[in-house]
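For reference, chains read A, B, C and D in written order, and residue numbers begin at 1 within each chain.
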Amino acid sequence: MLLTAIVFLPLIAGVICMLAPDRAARWIAAVFTGVVFLLSLWLYFGLVATGSPNFGSVIAPQWYIDVPWINVVLGAFHLKVDYALGADGLSMTMLILNGLLSFLAVIGSWKIGKRPRLYFALLLILETGVMGVFAAFDLFLFIFFWEIELIPMFLLIGIWGGARREYAAWKFLIYTLVGSAFTLAGIFLIYFQTGGRDASYQHFTQTAPSLTGSLPFFGGSVSLALAIFLLLFVGFAVKIPMWPLHTWLPDAHTEAPTAVSVLLAGVLLKMGAYGLIRICLGFAPHGAMEFAPVLGVLAAINVLWGAGASMVQKDMKRMIAYSSVSHMGYVLLGVAAAAAIGTANINFRQAALTGATLQMFTHGTITAMLFFSVGVLYEKAHTRDIDVFGGIGKRMPMLMLLYSVACFAALGLPGLSGFVAEYLVFTGSFATLPVATIFAAFGVVLTAGYLLWMLRRSFYGPLNMKWDWLTDTTVREAFPLVALGLVILFVGIYPQPIIDLLTPSLQQMVHSMSALAIH
Amino acid sequence: MVTLNSFLVLGALVFCIGLFGALSKRNAVAILMSIEIMLNAVNITLVAYASAFQSFAGAGHGERLTGQIFAIFIITVAAAEAAVALAMIIAIYRRRSTIDVGQINLMRW
Amino acid sequence: MSPVEFVPVIPLLPLVAMVIIFLVTRPLDIAAQRRAGLRPTGVSGGHNVGGATAGHEQAETHGSGADHDEHDDHGGGHGHGGVTTFWGLAGAVVAVVAMVGAFGLALAIFFQFLGSPALQKSGYTVHLWNWFSFGPLHYVIDFRVDTLTAIMLIVVTGVSMLVHLYSIGYMAGDLGFSRFFMELALFTVSMLILVLGANILVLFIGWELVGLSSYLLIGFWFDAAPPPAGSDLPYPPPAALKAFVTTRVGDFAMLIGILMLFVTTGTFTFTTLNTPATYQHIDQFTVTVAMILIFCGAVGKSAQFPLHVWLPDAMAGPTPVSALIHAATMVAAGVYLVARFFPLYSQVAGPQSLEVVGWIGSFTAIFAAVIALAQNDIKKVLAYSTISQLGYMFVGLAVAPTDATGIFHLFTHAFFKALLFLGSGSVIHAVAGNQDMRKMGGLAKYMPITAVTFLVATLSISGFPLFSGFFSKDAIIGEAFTYGQANGNFWFYGLTLFTAFLTAFYMFRLFFMTFGGRGGAFGGFWGNERQYRGEAHPHESTWTMTVPLILLAFPSALVGFWSINSGFANFLTAGIQTYDNPLFDPLTYVGVAVALLGIGLAWLVYGLEVVPARVFTSNPVGRAAYTVMINKFYVDEFYGWVIQYIALGLSHGAELFDTYIIDGIVNGSATSVQRIGDATRRTETGVLQNYGAAIFGGALIIALAVFIATGAFVH
Amino acid sequence: MSLNIATVAFYVIAIVLVGSSLAVVMLRNIVHAALFLAVVFGAAAGVYVLLNAEFIAIVQVLIYAGAVTILVLFAIMLTQNAMSRTSSPFSGQAWLAAIISVALAAGLIFTVGSSQMALASPNASANLANAINGGGTVARIGQLLYSPFDYSYVLPFEIASVVLLVAIIGAIVIGREE
């Protein structure tokens, strides 16, 4: 019931927003997203309060609800879709992240002037879609919410975006749809290959090891598990985004309004990573193990490619967008390392997978903070061109401080959450994929280079008198930044709670995979 | 010897003549007339079948006049169609001063 | 309860001071500055405010660059340009008090160690909190105090305390006064975490955080105007960036090294890692590679060739920062790192690892010393001297059987180099922000305390007998000789010996150019107004600045005596004696003679000026050498070229690949779909008869196909 | 092959039907075409009589030959200046229409000729002969259309009447001048 409320409360609020007067829409959105955020925290603290918290695993998720929804039998064809929601540690972190970022996104778009009712309604519907993806425990329900999320995002970019918004919106939509067509095919394949009667996660987790055999493929043959893995993965790879399927991201980010960029980078990319870990890794472990070396190479390319491209960007948002590509590479690396076949100790695999998951969370907060910072600047100066600024740190010391915190968190400074995640990924992945890890680790140098270079060009140096009139952040603008900064600092210093939350789910995945490796 | 085939061939010939008219004439009224010819051809075929199978054994309901009934409905609908189509032609004529179907191409790509 | 149990309090004190400044005194300071009209109110904004505050910007814009002309009449912006508010001062006092407390505790711990051989052997570990554990893999935040850490604690807290005190005078009137103390406290916390870490994880945390503090403090005057073209004056914004990114290159290699160790041993903890038994089943080659990679981190942090380029530029930061971070403590972290892993380097890894350390160290020592000969910026000379001395420390670690030799030089160097930097800061302060030694000279008469303390430090670094540098540096040279006897490799000995000569020469060149000159008392040592070549009116600094100088002069002169009878080595290595007293080693006097030769040559050229400096540059060979030296062997230019054309070139390549290849395919497929649609759209003519023809024609074709398929024509 | 009256009548009517259809399609003058259309309708009624479907024949004469022809003539009258008299009454795709029509005719005749049902069903021919010579079917049609039995056509008949109503109203709405 709690999960149902979390998933559908934003939708209800969206409808109310549409009916309410323009001035009230943002208040409604703020109150409801705030309530949803508190509910998502309740997911966690409600369990902690029981004294011996069990954060659940795929087999035994918490707050589980399962209601039959669609049940079609046509001869041998049996389509069964359940309204199954649950939360294990993996989902819970993502639900909390989405709750937090949606709330902050509403605060961050307080000044939206163009059709505010529709804007906030779409933001809320988006929240429903994303919450549904993370809470779904039925594969068809998952893809249902996955596609629902597209529509509000498409409209948000297409209506409130910048000059090339339509191009960006279409690019986003078509890229994602093409990708999710493959994912849907993969879902049908795995559904019918595992009996075709049950699409619940628990079912796939139990039947996944039995997925052996091969499929004919253009004269040759491909193993069934790998086929399932790759089909499912294409959609997630687009969303993550993985090189070379990443070019929609810079365009979408550049054109999207601030709060939408925040959600796009903060939670939508995490949907891809979540799908990769939960579905690809969890339900097609054989395939993941076969594909892991390639995935490791792709991860390293992602990191270096994203970082390199960030280096030469002129637009701040575009630069941060490419940095997201780079940082999501660490997630891929962690996943690849967890799945890679080798003699490495199981604990290293778990460290890598935990690091990847933690990186999802931390990157969500860090990149959101970066985008909010750029948003504050853009709202005042109406430009994001790095080189036209200069010395504005003098006029905006508060923004400079917060922006710098975000940048340092992104480049993996200890004490801030980015370091914990990256370090964890590296320590885990070096055991199984040393070469890919070395290349990926060079990303930390490049990251420092482009982020600090950007700060140096925009905030350092003598004040460009053109910007003499700029004013520092207001309390309303600083609120999301400070809130995110505190989260980043907390996770950076004391990450244990979040690791404890993740461990039960990930441990099970890693153990089942290494059990496969032995056989 | 007049067989069923004679009527069917007659219907086919008339239908194709109507079809040629419908596909080739420029005047909308002429097209309408051609369509009426096609409908008549179909009616001839239906009635011929009805007559041929009028007391066809094995169906269980005695005489079969389904073909004739169909013909009656076709005539009804054709009359309605003729009325509406001619009204439309007149309406188009009033607005565009032409009933050349080659020039009535509002739906062109 | 013994002092060592309170060790977490040491970093906690500056942390608390930092938080107090950040949350309490700095906001109040800024508010007070706004009330006094020293700082634009900012919030109300608008063009009028910007215009009205234009006058104050100059007061806020410090730097050492082009805006000096506006400031020269009131002290170069350092100190006399503005007013330190009560709250700013309050914050500084909080920081100083915290540092005094930390230093006191560090001293107490030190003396506890000194008095307890058992503690020296065992060390003391304190568990703080857990990050996470995966089976036997523990990621924990632990502190550990052993003899090495105890010494580093003394150095860090002691120098930091004095620099805090000194900065009250030096930074007085700066609008960022509170911010400066906040960042200084942040650095101290980070450095303490670095030396206290019980495992590489914590060390790495501190390692990166000192990098952050260094970045922030080098870029302290972030809004400075760039220096005029052609000037080699440092410019804070790019210098800060360069420092961070360059050290990160080293950190990257170090991270790989750490990962190699962690993956093979499964632990981060120093005590386990330093036990040779841990490596029973591990390939020695792996450990060797790992140790060389970890040394790469030290190369970055300690500004060794080829990653030395950031340190001279780092002089763009305020001088107290140069003294604390870029001379005494942070740059020595690399030496600390190697010393921390010394058992691994010397016992587990192959000899190649320490050979790499020795070669890099000795080459850097002479390389930096050569560059220092040609520099005219007083802080640049000191910066290259620091690089050179750090090279010595690495040689000390590479050649000696224990880490005591290198660490003892670190220990003495921290004091005399901090003193040199603080003294140079006092000089720069006195001559209105000028750093060019060609515009100094004869300052001894104006600022006697500075001059005397500076002379002490100069003698110490030059290795003048019985000063602390003599004990530490000559020990290294001596060990290098012993090493040569054992391994047949006398290169380290030769290079360090020659560097000793260069060191003595350029340090006394600096001293004479700044304080002395021909015609001064004592043969040019004690200059007066006749030797002064600048325009500003020099004066002795306030007591907050001179007191630290005096306090540092004592250890600079005297700590060397601790090494007599292997006192230091005994303490550090918990009983393993290492090297003999250099006073009774005839070999020592070779080093002394070389140093005296250098001092003498400098005296002839810059003190007595009987040999004009032109002698060296008037011939073509000398001139060419001088050009290369003053351009620092073009290393910066080379890196600039690499970044410009290779790194950014590849980046542009990636960007273009995205734009033209990937997006080309994406947009191309979209466009071709559109084209096909456009072509097929043409069939929709809007003419009914076309559609009719298509329907019946299509039906015919289908019928034909069915006829053929069913064989109707055949029958 | 005996030459009875029915056979002769069939061929005469068939020739008239085909000829007048061709005239409708080929004539340049639209009024002449409309008049030949009335002949087509009449000939079709003759065919129905031959087939012993006298009710259909009557309806054909009433509705087609009467009402529809008049309607068409009215339409021609109202739009008489619409088409230029000089240009061809055929559109550019007349040759294509001719090919399609001829091919379709050939296809249909081939199909009829090769149809198993039509040829191999002696009953059908016998029935046809009976029908041609037999009694009327009006009463039976009336029963089928109006009786409330299961297999009657009452419901379609009502629907057809609604269609007619809609057509009347629609024609008025469309044809009305604004």
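Quick notes on this structure:
The rule is short, and it goes like this: contacts are C-beta pairs under 8 Å (C-beta built on N, C-alpha and C of every residue); 3 or more make two chains touch, one makes a residue touch a chain.
Remember, predicted model here, so these are calculated numbers, not experimental data.
Contact tally for C-D versus B-C: the pair with more C-beta pairs in contact is B-C. In this view the innermost chain, defined by its CA centroid being closest to the centroid of all protein CA atoms, is A. Note on chain placement: the centre of chain C and the centre of chain D lie 103 Å apart, centres being C-alpha means.
Taking each chain's centre as the average of its CA atoms, chain B and chain C sit 97 Å apart. Once the centre of each chain is set as its mean CA position, chain A and chain B turn out to be 64 Å apart. Chain centres here are Cα averages; for chain A and chain C they lie 37 Å apart.
Counting partner chains per residue, chain D has residues 91, 93, 96-97, 100, 104 touching two or more of them. Residue positions of chain B with contacts to 2 or more other chains are 19, 23-24, 101-102. Each of the following residues of chain C touches two or more other chains: 689, 693, 696.
Every pair of chains meeting the touch criterion is listed here: A-C, B-C, B-D, C-D.
Every residue of chain C that touches chain A in the complex is listed here, in rising order: 42-47, 50-51, 57, 60-61, 129-132, 134-137, 139, 201, 204-206, 208-209, 212, 215, 219, 222-226, 236-238, 240-241, 244-245, 248-249, 251-252, 255-256, 259-260, 262-263, 266, 647-648, 650-655, 658, 662-663, 666, 670. If you check the complex, the residues on chain D that touch chain C are 91, 93, 96-97, 100, 103-104, 107, 114.
Interface residues of chain C facing chain D in the complex, by the touch rule stated above, are 689-690, 693, 696-697, 699-700, 703-704, 707, 712, 715. Remark: chain B residues 19, 22-24, 31, 101-102, 104-109 touch chain C in the complex.
Those residues of chain D that touch chain B in the complex are listed here as 1-2, 6-7, 10, 14, 17-18, 21-22, 24-25, 30, 33-34, 37, 40-41, 44, 47-48, 50-53, 55-56, 59-60, 63-64, 67-68, 71-72, 74-76, 78-79, 82-83, 87-94, 96-98, 100-102, 104-105, 108-109, 112-113, 115, 118-119, 121, 123-125, 127-128, 130-132, 134, 137, 140-141, 144-145, 151, 153, 156, 160, 163-164, 166-168, 170-172, 174-175, 177.
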